[in-house]
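Next come two complexes built around chain A: one with chain B, the other with chain C.
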Partner chain A sequence: MSDENTIIVCRCEDVTLGEIRKAIREGATTLDEVKRITRAGMGPCQGRTCRLLVAGEIARYHRKHVSEVLQSRYRPPVKPVKMGDFAALSEEGGNSQEEGGHRQATGGDGQCICGKAVTGK
Partner chain B sequence: MKTTADAVVIGGGVVGAAIAYNLAKYGLKNIVLCEKDTFASGSTGRCGAGVREQWGAEGNIRMCKAAIDIFENLQEELEYDYDIEFVQKGYLMLAYIEKEWEQFNVNIKVQHKLGVNAVALTPQEAREIVPTLNTEGLYGATFNARDGHANPFHTTRAYLKAFERLGGEVCFFTEVTGIEKTNGRIQGVKTTKGDISAPVVVNAAGPWAAPVASMVGVDLPVYTERHQILVTEPVGRLFDPMLMSFSRGFYSQQTPHGSVVMGIGDPNEPKGYDIGHSWQFLRRMCDIMCSVVPALEGVRVVRQWSGLYTISPDAHPILGTVPGIDGYYHAVGFSGHGFMLAPIVGKVIAEMILDKELSIDISGLDLGRFERGDLRVEPSVV
Partner chain C sequence: MKTTELAIVGAGPAGVCAALEAASCGVKVTLIDREEQIGGQLVKQTHKFFGWHEKSAGTRGIVISGDLADQVKANPDICFMGSAEALGYFQDDGVLLLETPVGIQKLKPERLLIATGASEKMILFPGNDLPGVYGAGAVQTLMNVHGVRPGKSVLMIGSGNIGLIVSYQLAQAGVKVAAVVEALPNIGGYAVHASKIRRLGIPIYTRHSIKEAYGTACVEGAIIWQLDDNWQGIAGTEKQLDVDVICLATGLTPLCEFLWQAGAEMAYIPELGGFVPLYDENMETTVEGVYVAGDAACIEEASTAMAEGRLAGLAIAYSLGKVPADEFSRKRAESLKELDELRAGPTSGAIVKGLAVMKEQMRKRVSQ
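Now for the complex of A and B:
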């Protein structure tokens, strides 16, 4: 037997279909809004599994095409990476005892080792 | 959308939402809130959402104390059916250089005078509060149990839902493109969904406060600056309080959900509206936090993003009216700590609009202070 409160849509965050539908009934019209209300898509897989399902629910409720709904952006890193691995990349390593603690940033921004740069929201 | 209103609030971040709710709570009937995107899509939804009384300036301590009084009952007051996740596990402020430690000891005296019960701790005592803390290089710390953090999306949405229940109208994806004014009186706004005539307009446009103010000819001395932040996968309890250091520029909290959020100040961040992000941030952030809490080394980063601080010349918000423009109000320039101030600012701006007695004195936070040269001073910002 399956009802909407036992069907898990977002496996990372344990969000059920019922919770997704509730957020949509209460006014959510975009993936971002559903994500902010329910956490669906905020977990380690960043919505790779549930995005389409959530978009489908929004589209059905608002009688839109799924492609109109699929606009929420992926945010890097593309795969979860251990903090220690990022820290190991640091040339300085370890503790910074510098006054002000503000080390110079080493270059421009917008680059990312693990995905396309995201602009907008 | 209504075409006539008693007040229009521009901005659906936590500040606009709190102002709109308080106006409705005080009995104003026809209020429209216009938000060009959706709730918490500006700075609010990108922020660390920390709330602290541990400030250096008296004004900030007073305001944040009043805000925490409100936060403590906000879930009930707004009758919200999700959790705004307000938790008070304290802020542990870490001093890594002597100057910082001296400043903390000055701050704590001011805090005590105003009834804030922060305590000064040795590195060993700090470790009793956070057993995972690496105390190497630490001079000392201060801790205030009443500080904490909340969920910025749900706090904002809770205000908006309560506002709607009181009869307010929330218009998402509705951008204000102009503000009408004749003979020094506000007449209404133009939006992408039509015009609304209204005698009162509130500018709570966050990073877009200056362009909105320019619609009525007001020149706001604020600039916007990118700040980056990341969140890890949820893990077991690593630390309870918000960890923060000014000399190292970081703050970090573990949410009730278990994920760890962290950000860091960087003087080289671009000014303007860039909300991209850099791998340099990831590296520097992880390097610093892995040294503060070594147990973080094995914890995975799942997402990084950035948001904007809207910074005023003295890092204090700009609140209230502008002489010569009847019906125009603003609550802007929060300089990186507008989330925690929103509950009290929302209340006091509503009181100002409705000519009620003000819950807290904000007369020194008007726009005119910059011309008078009466700047506030706050030693403790990240």
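Now for the complex of A and C:
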């Protein structure tokens, strides 16, 4: 069906229904396999939109229930992050910047960004 | 590594109510949201809440979120971390990774509540990536938060409460709603909302779906058609609509990424919106110390999300030794009763059935 190639399943990576179905016909049986072959689910939203649609296609082709389709892992980070931001993360888990930010979490002067004193542990 | 007694991911109705409840028992709470504002989807909800039981019935969502935000700000035991997006949860060491305006931070909470809500489901049709195809959430954000009309004429797909309410709001904003289509034989949402848009002359086509969207650089029109009993389009029933916006209100699915990462046991239960975590009467998942509330647990309404949030907040406070056992039992019973009452209506039938399936799986797991 030519329509397949004008239907987008993964908007982030521009993967069409035709491409997903081709991967499944050629032997992909899990979300990870379809992902590695087509890149569906590898974009900024990390599959939030297409994951269920791809699982549905695999289930339909193999006459399985969606729950029986092997899901892929949800590895952190759940969205793209700059390498530099990770590099700036110190061993102590905080950083020294003081302009804004949550000081309860960053280990500041006992005051939170919202202006409240942090009386916690 | 910084710590907190309770970290809540998501400051929507469930997360905020959990924060307020837990803090009222003396728990130190860190409430995290990727938005700057407190309230989650409530800030887009300019309509009055419907219902007979809810304390919030007759109140607009945005008013409720403003009220909740005031309570959070006034509470010395809750720190709200806005513009902070959770990136991951590392189950081995119980650390939450956050992207904040001042860089990436790590937070180790004693208890974790996932109240991340839902993401929208998309449907497949030719032309579904044309500019002008929106999710209903985006249309609400444009109109109700930013005061921008999405276009001149809209085809609404889906007649659940979101589809009906957004159609009405579009009409109020002076946008033509060409039609509402619904794949099921019946309108999904409340009759009160459907009646409102029918009175405006907006047609609702049940057993219909979109065949295709067309246009060169953006949506210029859509073709809808009738469906047979196998959900296939019937040739010859096509109707052409001049629309520049196609709005998808085709359902939500729980956003559970951090629960998967935590290693919580999940089950696929369509009545609840897709993959959902198994959880007990305290809203605790199969991972000790990790809780869930709101749409992340089961796609429902803001009123149930708030009640689940309060229940989770109470249970977390009890688990931290902040509430005496007798008080906890009494308050939990009240909370569970409130949830039962919220789910007593005929439109909650599928939810009640789905929750029974979830509870049965949880029971089997415990008895193993």
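Just so it is clear, the second predicted complex is superposed on the first by the 86 of 121 C-alpha atoms of A that agree within 3 Å, B and C clash if a C-alpha of one lies under 4 Å from a C-alpha of the other, contacts with A are read in each partner's own complex, and residues count from 1 in each chain.
To be clear about the criterion, a contact is a pair of C-beta atoms (placed from the backbone, for glycine too) under 8 Å apart; a residue touches a chain by one contact, two chains touch by 3 or more.
None of these values were measured; they are calculated from a predicted model.
K.L.:
Could you look at A:R39 and tell me whether it touches chain B, chain C, both or neither (first, second, both, neither)?
P.N.:
first
K.L.:
Based on the superposed arrangement, let me know which partner A:D3 touches: chain B (first), chain C (second), both, or neither?
P.N.:
Second partner only.
K.L.:
Which holds for A:L89: it touches chain B only (first), chain C only (second), both, or neither?
P.N.:
In the superposed model, A:L89 contacts both chain B and chain C.
K.L.:
May I ask you to decide whether A:R75 touches chain B, chain C, both, or neither, giving the answer as first, second, both or neither?
P.N.:
both
K.L.:
Check whether A:R48 is in contact with chain B, with chain C, with both or with neither, and answer first, second, both or neither.
P.N.:
Only chain C is touched by A:R48; chain B is not.
K.L.:
Using the superposition on chain A described above, determine whether A:R25 touches chain B (first), chain C (second), both, or neither.
P.N.:
Neither partner.
K.L.:
Is A:R11 touching anything from chain B or chain C once the two structures are fitted on A? First, second, both or neither.
P.N.:
second
K.L.:
By the touch definition at the top of the document, which applies to A:H65: first (chain B), second (chain C), both, or neither?
P.N.:
After superposing on A, A:H65 lies in contact with chain C but is clear of chain B.
K.L.:
Go through chain A and flag every residue that touches chain B in one model and chain C in the other.
P.N.:
46, 75-77, 81, 85-86, 89, 92-95, 97, 99-102, 104-107, 112-114, 117-121.
K.L.:
Over in the complex, which chain A residues touch chain B? Could you list them?
P.N.:
Touch list, chain A to chain B: 29-30, 32-33, 36-37, 39, 42-44, 46, 75-77, 80-87, 89-90, 92-97, 99-114, 117-121.
K.L.:
For chain C, which residues are in contact with chain A within the complex?
P.N.:
Chain C reaches chain A through residues 1-5, 28, 30, 73, 76-77, 79-81, 84-90, 95, 97-107, 119-122, 124-129, 212, 253, 255, 257-258, 260-261, 267-268, 274-275.
K.L.:
Can you list the chain A residues touching chain C in their complex?
P.N.:
Listed in rising order, the residues are 3, 6-9, 11, 14, 17, 46, 48-50, 52-53, 65-67, 71, 73-79, 81, 85-86, 88-89, 92-95, 97, 99-102, 104-107, 112-114, 116-121.
K.L.:
How about chain B: which of its residues touch chain A in the complex?
P.N.:
These residues of chain B touch chain A: 37-41, 45, 82, 96-97, 99, 136-137, 153-154, 157, 172, 226, 232-234, 245, 247-249, 257, 265-270, 274-291, 296-305.
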